[in-house]
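One chain, chain A, links the two complexes that follow: it is found with chain B in the first and with chain C in the second.
So, the complex of A and B:
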């Protein structure tokens, strides 16, 4: 089943009941196996709707023309349960995704649901909790944990199911900077260790720039798709869409406005700093 | 009237095995009409401090003077209504506290609670609905049909509607998209400019640099520094010693070798001005 593109979306349109404007307007894109994709766009641009379409929580308006393929399976009524086993989602609010009375119970919940035998669970659960660095809290009550710790437990619950794809739906937006960095670090490690494909829906520019590919959404349409440096250098577009621009790009734009010539090849903070330092020492 | 904290300490669960110091001999004075940022790590006492501003927590020892009220360990819970009308706390994700059937009723709830007539309350509610940048036609919708960013604005409008003199906010822009975040922060700046005091608990050093004129730094329940943002961010080694971040502009400046900065630039504008000046000299 190891096709190169783990997710293939073709001609998908979706409209919520009682609205005229489609939330997703004829979108097509592919995601390569083992890559990290960031989806950016302002609130209401359709980012989360895409996720719900990928795991079959929502169904496209146009099932005849539209096609959604996950890990080689066409999404339909028969395959939807298999596909949900392949896709783990971490949601925004850490308090909305707990069911267990202890961390271990919570991580075991998904396994119980899938009828995994107890002996196996006794092996998988501690492994998953270890992987996110929460072993000291195995028997703690979820309510006593910090937001960042709760999101780590949510990730452990997903790892336990051994999915192919992990989706972070603004999973770090409610966390403080330390909590956010820890989560991203853990997901990175999981990606490497288990060959996961990562999709992160985010407003955080630092989180988005970690991605191999960035998809830009606006009013249900896919506006652009490319590497993070390709996308984030389009400062005018990003500003027009109400999105953040990396700080060095802002500085670069402001210097250009002041007639300080910066070559087009300068595409990272490091390059900009090197260029400015050279310019200064050669003056 | 300024806000004065005199030797304020707070102990969680005193005389129990879980006893923990929340605030440790905190002293400061915040001037009227300031935009004060409270920064520090998770668990440093920022939220504990904030909850003392309208006596949700009362000091275990020491004294607080705020909005014409003196709060001591002996203060009874009975006569706090006036204090809470003047000092409002907005916690993280206030949209979780919406409950009314319509947006307008939700915004009018606070004013009605503080003695506005039904008619007056509706009037100010309408006014603030517009002021926070919400479309007027959502007034009669259920707040639960709105997007997250809109719900946040409804919740904030409900607090601003009775115009507290002192507005305390805990990460009010967390989780919003960049555009909505900027609008929200500018709304608070306007509120301050209109003659109110704004107190902002935050991890975002760019917000501190862009909006605040006064900064309190908390660590392990103690206030370790109280100064203007320019002064706080001027001392790079002190910041590093306390694991505090710098604004992006000053971080960028610190990586430029051979450039002269008299003080670390706090905003992109000043950064670019100084770079230009260096290059042209």
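So, the complex of A and C:
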């Protein structure tokens, strides 16, 4: 029974203990199955809180009105473990999510928690390690790995439990550009191979501009939701919220200010380059 | 410093490495107990020979073992000297005030010396050929009977393995904080004991806060990866007995037999 919206969030409000301002203020949104969604917003806008609500690490203030549905399961005390089987999260700090003593042990951690028999683990673990290209490091200790490699192991640990959704909670923010690109490339590949839905919480505007859908958050409120070209063309709104604007949008803005007419259909760096190259030849 | 903390494992490939950590741990514990069976020159000679064969079986350089004995050399000598001068009985060779060198004294001093040295050698054989994680696994196995009295052995084992896994991480963290403070003029290497102890305090505070944050992050990650209190977890890493362990335990069984036969009754 495949519902079209894999995640449905309705009227969710959440306040951290000892704070007055809700971290999440009456938010509702849906995420389509098989899409890549980016959630952007400045620090403290509630991005990370919303994903902790999705897998039941946090509980909404208003359980009566609020509803969180993941892959057809309504989140409650009984379903929380089923939902955690469907959602894998890669967190920000590569070191603080590496539980096992070696790469193989860490990938097996999620399987051990679920009581998967050892014979099956012996098959699944190497497959998952292979999928992220870490086969040469199967018995390495975390201290001998780079941040990017640790994040790849974290992805392998998630792939091993065969989830439906993978969430990147600023997973690339502590990595160098090379490590970041590698992680994004692997997640893209996993998404295609396993038909995953990806949610990426990010500060990296270039990462966000690759998404099918972008959600903008500010002070616990959902400000806007739409395709990445729809969102990123609203440069004034993004700047007002203290967010970066992709480089080509900045260029486009400045050209528009100088009365160069750029059609609305130009929505990517490539299109802009093409347009500019043809601009004078058309005259 | 990290070397001291996480044990002195030396990678290798000899016979002793193939033995199960549980067997090695048991053998080491038994060895420390049965050494008290030795009570005459012949039995002490047997113990010594057995220990040196075990050391040779590791295939490691003698320096590895010398490094194990070295920190305790003074303790061994001091204890032996006490035995030498204060044991009474037997033939008296030399006497001054309360000090006396007697035949019993010489004998006891040699015995204590051998006992100390072989215990250190045998435990070094275990620690250099077994990874800390394996030792933790072996200890978990030894503790298994405590499950009957509701001791959460699985949880203790998980705590041990996470602790071992985070030693290098915290060590890196310490170096980072030290460098950050050095670059702002802190001095960790000069001054008396008290000055140095004071210089450590501003190091400990951020380290402590960092490790608390790490713990919070780690528990969030563990929970979202499906860890829950209930039992029913399976194990990926398991220890397996092999024919090498028969050799290991058989070797020490023979030692016990020889000691029982040849000791003075």
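Please note the rule applied: the second predicted complex is superposed on the first by the 281 of 283 C-alpha atoms of A that agree within 3 Å, B and C clash if a C-alpha of one lies under 4 Å from a C-alpha of the other, contacts with A are read in each partner's own complex, and residues count from 1 in each chain.
One rule holds in what follows: a contact is a pair of C-beta atoms (placed from the backbone, for glycine too) under 8 Å apart; a residue touches a chain by one contact, two chains touch by 3 or more.
Bear in mind the structure is a predicted one, so any value in this text is a computation, not a measurement.
In the overlay built on the shared chain, the residue A:141 is in contact with chain C alone; chain B does not reach it.
Contacts of A:217 after superposition on the shared chain: neither chain B nor chain C is touched.
Contacts of A:250 after superposition: chain B is touched, whereas chain C is not reached.
Looking at the shared chain after the overlay, A:280 reaches chain B, while chain C stays out of its contact range. With both structures placed on the common chain, the touch criterion links A:42 to chain B but leaves chain C unconnected.
With both structures placed on the common chain, the touch criterion links A:258 to chain B but leaves chain C unconnected. In the superposition on chain A, A:201 makes contact with neither chain B nor chain C.
In the superposed model, A:168 lies in contact with neither chain B nor chain C. Comparing which residues of chain A touch chain B with which touch chain C, the overlap comprises 93. Put simply, chain A touches chain C in their complex at residues 52, 55, 57, 81, 84-85, 87-89, 91, 93, 95-101, 104-105, 108-118, 121, 125, 141-143, 157, 161. Taken together, the chain B residues at the contact with chain A in this complex read 41-42, 92-93, 147-149, 174-180, 203, 245, 248-249, 252, 255-259, 268-269, 271-272, 275-276, 278-279, 281. Those residues of chain C whose C-beta lies close enough to touch chain A in the complex are 133, 161-162, 164-165, 168-169, 172, 213-214, 217-218, 220-228, 232-238. By the touch rule above, chain A contacts chain B in their complex via residues 42-44, 92-93, 146, 170, 173-174, 176-179, 203, 242-244, 247-248, 250-251, 254-255, 258, 260, 269, 273, 276-277, 279-281, 283.
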